[in-house]
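Notes to accompany the following structure.
A, B, C, D, E and F are the chain letters, set down in written order, and residue numbers restart from 1 in every chain.
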């Protein structure tokens, strides 16, 4: 559990990243994010599972020297969860800021992951933070927070999941500059897998090749390509002595899908690489 | 964050606009709004995302010298959120007015954005404010607020989103004079983009041309035309050194849609303008 | 805001009408209502938006010298909202009558607008008030209110909205004498428009003609005919100097519908009248 | 309001009927109910709106000398509403029996009207009262009430409304002896109309004939036949000077249906009788 | 009301059966239940309405000398209703065990009737009681109850009602030994009807024959066969002087179905027996 | 009830397993789990009912010397149920950790059974525990728990139940190494049945053969194969003197399905084995 030693303070998902996270840029995403940050443009990250959206935000948080607040959106997250609420203590009520209010005050980078899962009241809540006024109205206290200069709003979603029901409304999405992230190219992915799992360079190249080939199975019924994370899992198992084919079966094939026919297609790819 | 310095007081989304907002009229909308205001006719603004509905209301608020209360409607907004509620403090309960009640008392311009998203009880709540009596009954207190002379009700929605489920009932819509707003003509939009983003006049004309052409892609699967805001975003990126094609890709193409075919159509328009 | 000076007391939607409201009878509706009132027959008013249901009830309230309680039904209105509830005050609970209970005690005319929008528990609640016993059971207090002699129950709905889901059950509707209200004939409507908007007689005749012709567009996709209220709006704009065609466009055409083809049909009618 | 003088005590829908209600038996329903009562058999009354189910129960309540508790079922009625609940008073909680618990203790005839509208927990609640043990378990108090000897459970519903969704489960319905009630024959109905409305014998015969004929319109789209109550309404209007055709139009035709074609069919029947 | 004298204590649906209930075994169900009891195997009873599931459990409760807790499942029954909850008393909260917790402690036979109606959290709650550990975790108290040695879990449902939505999940149903109960054979049923209703042996044989024949009408649209209970009802009416045909009409035909064609089929069976 | 003596402490579903559970490995699942444990890889167990998922986790808990927390997921389980909540005690509120928070602190193996049944907020809650940071944010206390070194997250589901509605999102499932469990081979299953039920070796071999053959009936409409548990039930009945065919009917055939045709197929298999 050495990895988390580079965080100092823990306060409800707000943390300051003290050591540079391992991040290999694919294109000009760092420059674009920096300009957006300097111009107060909210940023929308789009991309499938495992393309490093979270890691990228963590890296930019470190690079820009701002604390990070990460909030996983879901349909039971209320506006009060984000903004804050009154708590009853004995005979008194005390106001407790929610993570969004704390981020607005602290000038944090606030990352709302999978924004399309959020309830409508949550989505509407962030509109005034994307306006030129950059404010967070707190109805229950009859006050309005102005965002600290360093505050930056980042949201993400996975377009592969999009349905008619769960879609960002245009009045929301036309408030963000959008970056589309993709799976890293094979050479980059090999370096990531090697760094995170501890396998040999040769093995990491083989695993990256597996990732690339498995992503081409989309037309064979594989809903979503394999993320880098699962390749790292396979690497970790291999590094501890599990045979590569078996490691890939439990960390990639079975993890990706329950469909036996699709599993056979993935296994074939595995076998073609680890003969 | 200089923009918000022209607001003085912050009280739960009520604010007084002290400096004239930048607004370029398209037709006689200012005159019509002024007559409606003088005759106590509630106003309905219709139009797609990014046609400046909010800016227009802010401008009229400044011009008429009335405070502005802006409320974003959504399906979890309750009547109590608007009217007010009793809060428990120690052993006592204290009544706290909601933003609508405050607007009614203060004679503010009260702007209910995206009214079709509101719950039915919220919609019904504003009916008595549109009657000749102009009252807001507060059931929980057994009292009735008469609207201050300056009070003006404005609601808006985007007809492009209309569905059978989310439609204003006739008993509601036949209470409003209606203004249909459209995207500004290209010359006006160029002036707005130049003013807000800081790009050169030539570049702003090119971006306005992009806006106009992209809106003609509706038949190519683009649900909603690009709003002026995104053109300003592109301008801000360009003004900070991002190449125009790349700036338009992240601020316009990717921001507008996830559909790869539609993205190609938008990119073609971008490329035809920024050769 | 001179209009509301003819009301004296304000208590949660109960009010006593002191000056005769402007009401022009269409047929024998006044006589029928008076007989129903004398015989304790509950009354159901049916008719489209803008046919003066509310005005008629206000007029009968004035004529019969009874206070009026008006309740707009919607799907979030609970039985407690109508009957009353216990409120916590410090360490004590205090009972607060709801508007229906107050109307029953005061012998008011109680008008439930758009009854089909009400929840089932609300509909069931009024059944005992329509029985020969004319009582309102208040379960939470274990008591039963007998209606004051002057109490009269009036409900309304718009048959044009009727759907299988939102329909009065026969066990409810067979408790009411029913009056079907229609848009007033053109000469009557002209007099109303002239009285309320201040336009000339000639202009009011033209606006009434517009109303009549626009209602014939139902087969052209116009869901609901234009109500007198919107004609008055148009009149008010015209009286303040807006050109008649433009006034009718914003107060009638755009207010009535978002459908561009239907808008063209209405505009044609407007243009044929205001050449 | 003379009618309700024959009730003495009012306690949450429990009342003792002191004067014999006007009830004309159609067949052996009184004898069957008396045997059911003596044998503790719960009774289910089936029949369309206006066939006198309530009046029959009131009559049996008078005849058997038992108080009557009438509960209108709807989908928001909770088990607690029926059984009772703890109320907070200052620092103490006090138990308040619900109407079903009071009926069980008082040995009342408990009439659950439109039982199919009740929520499932309510339906299940009455099962133990129909068992040979005749008990009402009160979970929240950890106690069980044995029904007083005189307690009799009666439920009703209208089979015409039955849908797959709202149907009595067999485990519920096989706990009741069932009586099917129909509209009274014409001669009986004439006597009822005359007694309740005060019209002449001749007029009451005409109105009863209207009832009979209108019920034959079911194949012409009339969902539910006219109940005796509406005929009485028409009679009351006629007795106060309204012309018979007009009285039948507002009290029968318009009250029964919104469908213009069906209205024409009913009006034809009216006109054939009141030439 | 003599029947319930054989119960001594009443505590929230827990009762000790002191006199042997009248139960006539159909096959080896008593032996199978006793083995299941001795081996701590949970028991699932399947069968249509009126096949004596409850009576069988009551009989086994008497035979095994264990108290009985009977819980009717429905979709509004919460886990807290079963396990217990904290109640507020003045300034203190007091824990009150629910009926399932009491049964677990007392070693009762706990009978969950119509388990498929229960909410998912309720179904999951009983899983640990069917494991070899036989425990009931009480989350809110942070404690775990071990079942008393005599505790036996019995659930039931009616397979005739089964739908895709309301079905026992396999992870639940594969925790029970299952007994399928059917209507008793005619000679047994005659003895039950005679014992419970007091009719003559000849009449009871006729009623049992009616039961048998009516159950063969399933292909004529009769959803569910007549249960023994309704035959007893008919017997009770006959014993008090109601003519057999009329008694069977109200206690069997009308009680079973609202469908007139099916009613005619049942009446034909009745008439063929009681000529 | 001797089985549960090998558990010492009971604290809300957390228990320490003191005696080695009876577990017969099928393949390399123990080794894979141990590597996953050493590398902090969360584990997903997939497999039908009765394949020993719970038993396997209990065995690994014993083998690794970690306490076990088992949580049955269902759609009414809230995030607060897992993480903890404030309880009101007199005038004070006290925080009570939920079972997940306790497991995180104690370094337990936390087993979320049937994870696909969980609500979305619950699923999202475990994401940070699968990240490299291994944290559990407790929003309501504004603090973050770091997982104890020994903490291991295990989730399970049954792919046979999978529907479009109830599916693990890819952003969740790509966080787990996956093990697919199957029914044990016949020789292993015979040894388990013999050990748990006490039947002879020959009988246990026959019962294992029944299990194997019954699982081949899937194409005959048997939704889910018979689990080992039901075979043990049959064995227990047989060991207590019930005839094998009858024991298999109540413990296997009737327990598995309500479908009479499928029951006949299973009975045929039973009869072919126990001739």
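Convention: contacts are C-beta pairs under 8 Å (C-beta built on N, C-alpha and C of every residue); 3 or more make two chains touch, one makes a residue touch a chain.
Just so we're clear, the structure is a prediction, and the values are computed from it rather than from any experiment.
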Study note, to complete from the structure: Under the touch definition above, the chains in contact with both chain C and chain E are D
Practice item. With over half of the numbers shared counting as same, classify the chain C/chain D interface as same or different. Key: different
Review point. Which angle of rotation, from 0 to 180°, maps the CA atoms of chain A onto the equivalent atoms of chain B, to the nearest 5?
Key: 60
Study note, to complete from the structure: Taking each chain's mean CA coordinate, chain B and chain F are separated, in whole Å, by 53
Exercise for review: Could you grab the centroid distance between chain A and chain F? Build each centroid from C-alpha atoms only and quote it in angstrom.
Suggested key: 31
Check your understanding: When the centre of a chain is set as the mean of its C-alpha atoms, what distance in Å lies between chain B and chain E?
Key -> 61
Study note, to complete from the structure: Within chain A, the set of residues that touch 2 or more other chains is 88, 91
Exercise for review: Just say which it is for the chain contacts: an open line, a closed ring, a star, complete, or other.
Suggested key: ring
Revision key, fill the gap. From chain D via chain E, the ring reads D, E, F, A, B, C
Exercise for review: Over in the complex, which chain A residues touch chain F? Could you list them?
Suggested key: 1, 3-4, 7, 10-13, 48-50, 72-77, 81, 87-91, 96, 98-99, 114, 117, 158, 160-161, 223-224, 226-227, 229-230, 233, 236-237, 240-242, 246, 250-251, 254-256, 258
**Study point:** Footprint of chain D on chain C - complex, ascending
**Key:** 28, 31-32, 35-36, 38-41, 44, 46, 78-79, 86, 88, 91-93, 119-121, 123-124, 127-128, 132-135, 137-139, 142-144, 146-147, 149, 159, 162, 169-171, 173-180
